[in-house]
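Paired with chain B in one complex and with chain C in the other, chain A is shared by the two complexes that follow.
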Partner chain A sequence: MTNIWTKLRAQPWIWSFIAMIAVWLATIAFTGGQGAGEILTAALSFATFTIIIGLGQMMVITTGPGNVDLSIPATITLAGVVATKVMDTDNARLLIGILAALGASFVVGLFNYGLIRLLRIPPIIATLSSSFLILSTAISYGRGIRIKPPPMLADFATTRILGVPLLAIFVLALSIGIALLIKRTLYGRTVLAIGQNPRAARLAGLNVDLTRFATYLLSALLAGVTGIVLSGFSGGAALNMGEGFLLASIAVVVIGGTSVAGGRANVPGIWGAALFIYLLDTMLNTFGASAGIRLIMTGVIIIAVITIAGGDRQQR
Partner chain B sequence: MTGLMSDILESAVTLTAIEKSFGAVRALAGVDLLLKPGECLGLVGHNGAGKSTLMHVLAGTLKPDQGRLVIGTQDVSRQYSASNASAHGIRCVFQELSLCPNLTLAENVRIVHRALKGIGWKAKARRLIGEKLDEIFPGHGIDVDQEAGDLNIGQRQMAEIARAFTVTDEPLRVVILDEPTSSLDAVTARQLLTFMRQEVARGTSTILISHLLGDVLDYCDRIAVMKDGKVVAEKEAQNFTRHSLVAAMGATAEKAGPGTTARRRISSALTIEATPLTATQTGKLSVRKGEIVGLAGLAGHGQTRMLIQIFDGARKHSAAFIAGDRQSDGVFNLWSIGENVTVSALRHLRKGPLIRPEHEHNMARNWKQRIGIRTPDMNNNILTLSGGNQQKALFARALGSKADIVLMDDPMRGVDIGTKLEVYEMIRAEAEAGRSFVWYTTEIDELKHCDRAYIFRNGAIVAELQGDELSEDKVLHASFAESA
Partner chain C sequence: MTALALNRKTLRALLPLASLALVLAATFYAQPRTMSYFGLNLMLQYAVPIALATIAQMFIITVNDLDLSIGPFVGLVGCIGATYLHDTPVLGILALLLCIGAYAAMAALIHLRNLPSIVVTLGASFIWLGIAVMILPSPGGKAPDWLKAIMSLQVPLIPFPIIAALLIALLVHIGLMTSSYGVIMRGTGGNPRAMARAGWSELKTKMVMYGLAGFFGVLSGLSLIGLTTSADAHIADRYTLYAIAGVILGGGEFVGGRVSPFGAVIGALTLALAGSFLIFMRISPDWQIGAQGAILIIVLALRALISAGEARR
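Entry: the complex of A and B
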């Protein structure tokens, strides 16, 4: 038993799960056990969006210090707007809408990496400035009109099987795919190697440029996927739909035990962290805390979790 | 007055029974060494004999496991560290230069002299370093307001030496010069050694570590010879000859002659042809299939850049690089030994798009045996290995890839002599099987394992030596030749 605990403690993702369960228990203790299942189902629904973009952000951050994608919220909006407008509430146009949205995201990734590689702009500035361009594009293309998603997309985003959102199952499969990508493919190994030492990675014969390019593309595409399913989930694309996802995408990566210094990625941690952040919000709402207190508590608790998890890692 | 007299009568520094181990490697095995005030002590020995480790102990950057350190009359063994070494008057110029590249020379002087403060410290620092440079290296042409990173390696070394001799409020008792001339040309090297004698006449003690035995014999009062972490001989300089010095250092270098494999003249197809981009007037480099070609000359004269140029120019996956600077060019710190070994061969360990873990394990296990990586488990983190064993892992990485060209960037740093011999053997066997090696080495002995060598100077190839011409004299002569 102690043996299992030692092994578990060594996993960087364990803290996000402990925090998540603690917050959930505190909430249902307050409600006297009422709604325990519903809270989890809701958490799974809402957290899935954060998980998808978190996976993309995780890959970017893993390629090493200075790498971050700040254009994720804008890309979500652009993809949502493009998808709903191209689909035009018509099930028959579902596929072409998805392709158009992913195509737009692809261009975003291409543009981001172009700024970073060709113009040598630091990623943080490159993706921040490109996000203004992306958002402006979304605004001028969408004209601010909310178009309903086609029924099939809305169904896909909201269907539950035995209380588990279909979307969550889809994202679970995606997560397994990403985990496999990291551990078992040349691309994934290269990402981890670059994050530790880009010069050594190049001298070991790994393709550093192509891998970084692919990583920014992947992040943009995953943001695009989020934009599509989110517009299905929330009844259409809105220009503020990406709001809040910037901090969330980085927070779940950090809380989940992925190294901010690069070279170490953690997929399970993204799940734990995304659920934790949602449940934390639910808990504070249930307690009836005011908006100000909620924000303060969210900040304090996130710092506490990172400190506990990070402090333990340093001791080892 | 009496205080001064008794100071002079005492030794400047006494090291007693100093021991230091790094993991399984015993770098210092009980060293006794005494340095008198106003003398120049030469310290010689083969690479890995423990000279640099001993000097790091004296400079406070390494803590000995055992032993006593007395400076003047004060036993400082207990509370000695790099930060109070300079208060005791110990200064050092190490092989790895230590100027901060983003600061000007004057600012770099401030780092070691806390006394330079208040309004106008910068002018004082500028004057201090400027005057010292003029004194040691007349006509040096270095601007003290330049950032250290903009200087070439020779200028950096000059600045570093001058800085070590500057004095503010702390005394100047001992200056350690560890291969101070390795990046200096013949003229500046002479200037330095002449200045060193003047400084010694003023009462400062110096320790000179150098592979150039002539300099040591000519400019030192006393010479200590180190071998396998011990001082094995210590006499007045005039009682040594070049020959007796080499004999005392141990036979490892000199006996190599007939023992090594006969050098070959290779006439197979050319695999590489390259011209250094860093110089205008330069020779051309060519490497044939199955050939071992050395890159020699003084350290930092463009050899590493040449290797990287070849690496970048080579067809994809046809070249592998073995780093000498492990930390910045080689090791992936977060990974296991196994992952570090297999990283360059991953594309061959796949089935479909996925890497097969069992193939990876097999390769790691294989190389653990073949190259003798000392670890209970290849899944342990790479940093659990000693430096030399990490280097073996990097060898395994390159040799285990399918590259036909292997580029080696002075890769034997920290590798013990037994392993070196095994690796030489392995390189020879791989070359015979058709692999080409380009081998930058700072150890002239290692050129004995090369079929041919190019001598570099200031980024240019200034000479090509065939195997039978590869002697220390010839190499040094070519390294110092005024023009190609």
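Entry: the complex of A and C
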């Protein structure tokens, strides 16, 4: 028994799951066991969006210190607006809409890496500046009108099978795919190598530039996917739909046990952390806390979790 | 060769000033009536709180961290200023001191547990916003009269915001760039391990730098409500981005303790002016944010061009 616990405790993702279960138990203790399953189902639905962008952000952060994608919220908005506008509530135009939205996200990724590589702008500033441009493009293109998603997209985003959201199953498949990508492919291994030591990776003959390029593209595309499904889920794209996802994307990566110094990624932790963040919000709502208290508690608990989970002890 | 090298270096140092001059010239061209004492006063008054927030961010960047909470923090200070500081000054001052202390405590937490500053400050931004919402649930409050008096000061010949901005830059320059303790603080950004081996506590340096950032954040919030005369929890949400952009526009580097107080203030002035310029140019409100992003990218591209020349030598 102690052996299992020692092994578990060494897993970087364990803290996010402990935090998640603690928050869930506190919530059902308060309601007296009512709606325990419902809360989990809702959490699975809402957390899926955070998980998708979290996976992209995780890959970016894993490529080493200073790498972070701050343009994710703006890209979500742009993709959502492009998708719903091109689809124009028509099922027949679903595929064109998805392609258009992913195309826009592709351009975002291209632009981000162009700024980083060609202009040598630090990624934080590069993605921040480009997020302004992306948001303006979305505002100007979307003109603030909320267009309903086509029925098929809305169904896909909201269907549940035996209480489990269909979307969550797709995101599970996506997560397994990303985990295999990291563990089994040249690309994934290169990302880890760059995160651990970019010089050594380059000297070992790995294609550092191409890998980093692919990583920023991946992050933008995953943000695009989030934008598409989120607009299906919430009945249309809105210009503020990306709000709140900036903290969420970074927080789930860090709480989930991925090394901020780069070189170590952790997919299961993203799930635990995303569910934790949503359940935390549910718990504070259930307790009937005021808006101010909810904000304070969110901040305090996020800081507390990363303090307990610890920073990087193995930093070079 | 040396002459050329010197040229590149001066060019790089002059870039922030050149961007400011360019935006200023463009503004004058778009709206000649701004070329007056009152015009400049009006356009630049909000540059003072932005410049102070930028200086706060600069202190954090000096020690290789990044503060994503300065905007909500300035908003919180504004709320305290328009309520407690106005009604019960002693309590207000105590609350503001507590805020500065909280910043220093944040530094201790980040250093001792080796946590990423981005996440801790992002979490802290929720705390500041939450407290601000509790103090002032809806926009309102009253700024103390002495604050309003300071911010509406009329100085002959040169508009007050310009004098204030230069004064801020000069004070910080003396403290950070010329004093021996300033060298230690910048050295901690350059090579923390070397400074620690030389016997300077990194913990102490970081706490001092975060404390100074908190202090300038307080000044920023107070000067802001001196202008707006009332407060709101969300009054300064954009300042986080302004402050980072200001430091970078001013020639600051992200790592290595390479910062410039004058540059940071000039960067803040450029950003404040850019807002007015975009309005005068009748650029659609949709593209206001985008245009600011574009300005940032253009300046950084120019800098990269100069640096690329430097590297090629």
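By definition in this document, the second predicted complex is superposed on the first by the 310 of 316 C-alpha atoms of A that agree within 3 Å, B and C clash if a C-alpha of one lies under 4 Å from a C-alpha of the other, contacts with A are read in each partner's own complex, and residues count from 1 in each chain.
We adopt the following convention: a contact is a pair of C-beta atoms (placed from the backbone, for glycine too) under 8 Å apart; a residue touches a chain by one contact, two chains touch by 3 or more.
Just so you know, these numbers come straight off a predicted model, no measurement behind them.
**Q** Superpose on chain A as described above, then tell me if chain B and chain C fit or clash.
**A** Fit: chain B and chain C sit side by side once superposed on chain A.
**Q** With both complexes superposed on chain A, which partner does A:197 reach: first (chain B), second (chain C), both or neither?
**A** first
**Q** Is A:5 contacted by the first partner chain B, the second partner chain C, both or neither?
**A** neither
**Q** Please indicate which partner A:291 is in contact with in the superposed arrangement: first for chain B, second for chain C, both, or neither.
**A** second
**Q** Thinking of the overlay built on chain A, is A:206 touched by chain B (first), by chain C (second), by both, or by neither?
**A** first
**Q** For A:263, select first, second, both or neither according to whether it touches chain B, chain C, the two together, or no partner.
**A** first
**Q** Which of the two, chain B or chain C, is in touch with more residues of chain A?
**A** C
**Q** After the superposition on chain A, what is the angle at the C-alpha centre of chain A formed with the C-alpha centres of chain B and chain C, rounded to the nearest 10 degrees?
**A** Between the chain B and chain C centres, as viewed from chain A, the angle is 70 degrees.
**Q** In the overlaid three-chain picture, which partner chain does A:30 touch, first (chain B) or second (chain C), both, or neither?
**A** neither
**Q** Go through the superposed model and pick first if A:180 touches only chain B, second if only chain C, both, or neither.
**A** first
**Q** Smallest separation in Å between any Cα of chain B and any Cα of chain C in the superposed model?
**A** Once the two complexes are overlaid, chain B and chain C approach no closer than 6 Å between C-alpha atoms.
**Q** Please name which positions on chain A make contact with chain C in the complex.
**A** It is residues 66, 68, 115, 118-122, 124-125, 128-133, 135-137, 139-140, 246-247, 250-251, 254, 260, 290-300, 302-303, 306-307, 310-313, 315 of chain A that touch chain C.
**Q** Can you check the complex and tell me which residues of chain A touch chain B?
**A** 180, 184-186, 189, 192-193, 196-197, 199-201, 203-206, 259, 263-264
**Q** Where on chain B does chain A make contact in their complex?
**A** Residue list for chain B touching chain A: 308, 311, 317, 319-321, 323, 328-335, 339, 343-344, 346-347, 350, 353-355, 357, 397, 401, 403.
**Q** Would you tell me which residues of chain C are touching chain A in their complex?
**A** 66, 109, 113-116, 118-120, 122-127, 129-134, 137, 241, 244-245, 248, 254-255, 284, 286-294, 296-297, 300-301, 304, 307-308
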